[in-house]
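All remarks here apply to the structure that follows.
Naming follows writing order (A, B and C), and every chain is counted from residue 1.
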Amino acid sequence: MIYRETGQFKTSYAADQQIFPIRQDRIGMALLLLAAFVVVPLFAGNYWFNAILIPFLIFALAALGLNILTGYAGQLSLGSAAFMAVGAYAAYNFQVRVEGIPVLLSFILAGVTAAGVGILFGLPSLRIKGFYLAVATLAAQFFIVWCLTKFPYLSNNSSSGVISVPNIEMFGFVFATPQSRYLFVLTLVSLLALAAKNMVRSTTGRAWMAVRDMDVAAEVIGIPLMRTKLLAFAVSSFYCGVAGALYAFCYLGSVEPDGFSLDMSFKILFMIIVGGVGSILGSFLGAAFILLLPIFLDIALPWLAELVHLPFDSATVSHIQLMVFGALIMFFLIVEPHGLARLWQIGKEKLRLWPFPH
Amino acid sequence: MSFFFEVLIGGLLSGIMYSLVALGFVLIFKASGVLNFAQGAMVFFAALSLVGFMEHGAPLWLAFILAFAVMTALGIATEKFVLRKMVNQAPISLFMATIGLSFFIEGLAPMIWGNQVRPLDIGLVDEPIGWILDGYNIVVSTFDLAAAGIAMALVAGLALFFQYTRVGRALRAVADDHQAALSIGISLQRIWALVWAVAGFVALVAGMLWGSRNGVQFALTFTALKALPVLILGGFTSVPGAIVGGLIIGSTEKLAEIYIPPVMQDLFGGNFGGIENWFPYVLALLFLLVRPEGLFGERHIDRV
Amino acid sequence: MARQIGDVILDLKNISLRFGGVKALTDISFDVREHEIRAIIGPNGAGKSSMLNVINGVYRPQEGEIIFRGQHRHNMNTHMAAAAGIARTFQNIALFKGMTVIDNLMAGRNLKMKCNFIQHALWWGPAKREELAQRAKVEEVIDFLEIEHIRKTPVGRLPYGLQKRVELARALAAEPAILLLDEPMAGMNVEEKQDMCRFILDVNDQMGTTIVLIEHDMGVVMDISDRVVVLDYGKKIGDGDPDEVKNNPEVIAAYLGTQH
């Protein structure tokens, strides 16, 4: 009843092309933005910002980047964390070495640097069809972490590559409180998400999806394969780079190369599998799910073990976590390859009919 | 100069280990077109099962058989509950499913067998053979020779199997075209069960050798990741390629680890160890520029 | 036929194509005139699809020359061909299964789109204007081929006959000078075939598009084509208008069937 589209006719192509063509969706989105920008900062506690909301937004951004490459362009990457590392360290270097550079510019340049590194690793591997990009990104993952640890210049001569970043400052305002950092990250992530949505529904996005679905046919209609794939990789690395910079500057404050491990790359991959490949919304849903799952398991498992009187220790929790992640991935790929985003869509479709059965 | 040979031989021998893991990949890829990311986890699981059974009192030969049974069961379960349900999906989805599988196995194995590092004693001594050491100044142990011998035997056996037996032919048919194989009466399910069993056997052998050399521990799964560059060098579908690729990766990574850091140290100062973490991958990446299908792989022609 | 058949727009000279030891095409030469409907016929495996693949650059011939609109080329690559105005459909449907009909058609027009990805990311301004302008053009094609009702359907969910029509629409969306159709009526029932025939004739008639088509249905070929090329085992065994070819003894022996 609430979700019916009757009466909403589109009289122009422009109206038809909107991101949210259904009025109820627009209202929903407006409410969500209101909640995110106004309600949350007023009522949420510091723990929520620091431990949940800020990392959620940052990883959603990284997941968005990976989704562009893997979900829309169909090229698998196992090195997202490495590109986050590039972004973090690049932003740090720009901030520390260039006197008076605006922080946003550092972030953008950090993203561009990550994109550049991405193109370097993409060039040999994207020429051929197959899983070669996966191996190339593994190479990037291990090589980049090694470089950041071993070349002291990159971490301003700190030992073992650890860097500590100061609070960001813009126009004299220092983003010191969790609220302010949250709003900064929220704004940046929202803008980049909008940009991603725009890219994805335009010719750029169609070229990516064409290459994913059938690259021979894409070539035949004139889409340049190599350039399209490289662009996806560059944009994806840009997003991961910015996410990495935010990770260092607005979340942890202090990072080391080993923190951007293969494990983190896998986590980001799992976010898009669970959330939904090829979906902007899916990146957010997946990030929330994967971030909250360990917390949930940490609470639920000991309680469950008590119920069945089984012995328990922290090692078991981490083993079960691995098993749950693995099982979830396989489950989603088998049952619902388009992830939570598709489940959300199905839910909305059911809502259109409610309360009628059909 | 003899130091160079020492490093080289050491590398070649560890390369054989990589080859064994890569063999498992090749088998499954050849028969089902699935690149099984979980092969490393399977090696780990196999080794853990072997040690576990031995700890419960079984002699080596019995533990081996039991572990093989476990691996076969794991393979069949994987085929039945995961792969069969994903038959229509794109290769990238299948690959991601095997990533999920590897996580699952990596959690399951220590749940069942515990997660302490254990030594594995298979009766082969890992000490340099006296007369070779004295005579030629090369460090080779009985273990190394046995490993090499086992690998050769496996490769020869598998090559013969694929080429000359009826089942081997059926496997090749299935690898080529599932529908066509079905249409001539080959039972896909039985073939896949067989393939995973053989891959499990290979994983068990690899796990046994790796485990007795380095102890059975979680790090085994990372070593197994290095099989991917081996596949790129050797070709995804080639059994000899897995061996040659493994030898190259093993030797170059050791040589790089020894010879590059001093040069870097002279240029930049500081410590530059840890090259073997990334060297195989970067080598594979550069190899892609020259010969993407691998030394022994097949050129893939897309017919439209 | 109301339209005027023009000069030679595509000329193939001595094309030979080999795959390893297999000779797909041997010394094939023929031409295509502007605005005509040229059929390529022959038994299976004769090299018809390979011929189309050579024309639009999917395969590179080892020998021979392609002269398209006066431009000499030893071989085409797919990008050149698409940019030069050659569009095609495939025997096995080559649609982008993950996208809707509209997205597939818009993808077909990608060479007409000039904005870069940053403009796309920003959307407001040139990117939006271009998108709407292209959408209007695509809607014309949708109208023409009567597929309005399935605009937003993901292509993977459509029945076979409609998928074939969408593939034709995508090729048309590029406003091509030459349309290569690879068995556009394969697997269709009588009604669908009639519809497809009508569309092909309309495209040729109203838009003046030159059409090269591979087809097995002799009735269709004789009915709608202006000239016919016959291939057998990679060699040309007949070339001329439908009646000539129908009565050619070699063609009859190889393909049409001998009279007893």
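Please note the rule applied: contacts are C-beta pairs under 8 Å (C-beta built on N, C-alpha and C of every residue); 3 or more make two chains touch, one makes a residue touch a chain.
If you're wondering where the values come from, they're calculated on a predicted model, not measured in any experiment.
Ranked by C-beta contact pairs, the top interface belongs to chains A-B. With centres taken as mean CA coordinates, the chain nearest to the overall protein centre is A.
Separating the CA-averaged centres of subunit A and subunit C is a span of 41 Å. Chain centres here are Cα averages; for subunit A and subunit B they lie 32 Å apart.
If you average the Cα atoms of subunit B and of subunit C, the two centres end up 47 Å apart.
With touch defined as above, residues shared between interfaces to two or more other chains in subunit C number as follows: 58, 90, 94. Shown for subunit A are the residues in touch with two or more other chains, namely 216. For subunit B, residues that reach two or more other chains under the stated contact definition are 304. On the side of subunit C, the complex with subunit A involves touching residues 56, 58, 78-79, 81-83, 87-88, 90, 94-99, 103, 106-108, 110-111, 113, 115, 117, 120-123, 127-128, 131-132, 135-136, 139, 170, 174. In the complex of the two chains, the subunit B residues touching subunit A come out as 35, 82, 85-86, 89-93, 95-97, 99-108, 110-111, 115, 225, 228-229, 232, 264, 268, 270-272, 274-275, 277-278, 281-282, 284-286, 288-289, 292, 300, 302, 304. Looking at the complex, you find that subunit A touches subunit C at residues 13-14, 17, 195-196, 198-199, 202-207, 209-210, 212-214, 216-224, 231, 235, 278. Interface residues of subunit A facing subunit B in the complex, by the touch rule stated above, are 70, 74, 76, 121, 124-125, 127-129, 131-132, 134-136, 138-139, 142-143, 146, 149-152, 216, 266, 269-270, 273, 315-316, 318-330, 333-334, 337.
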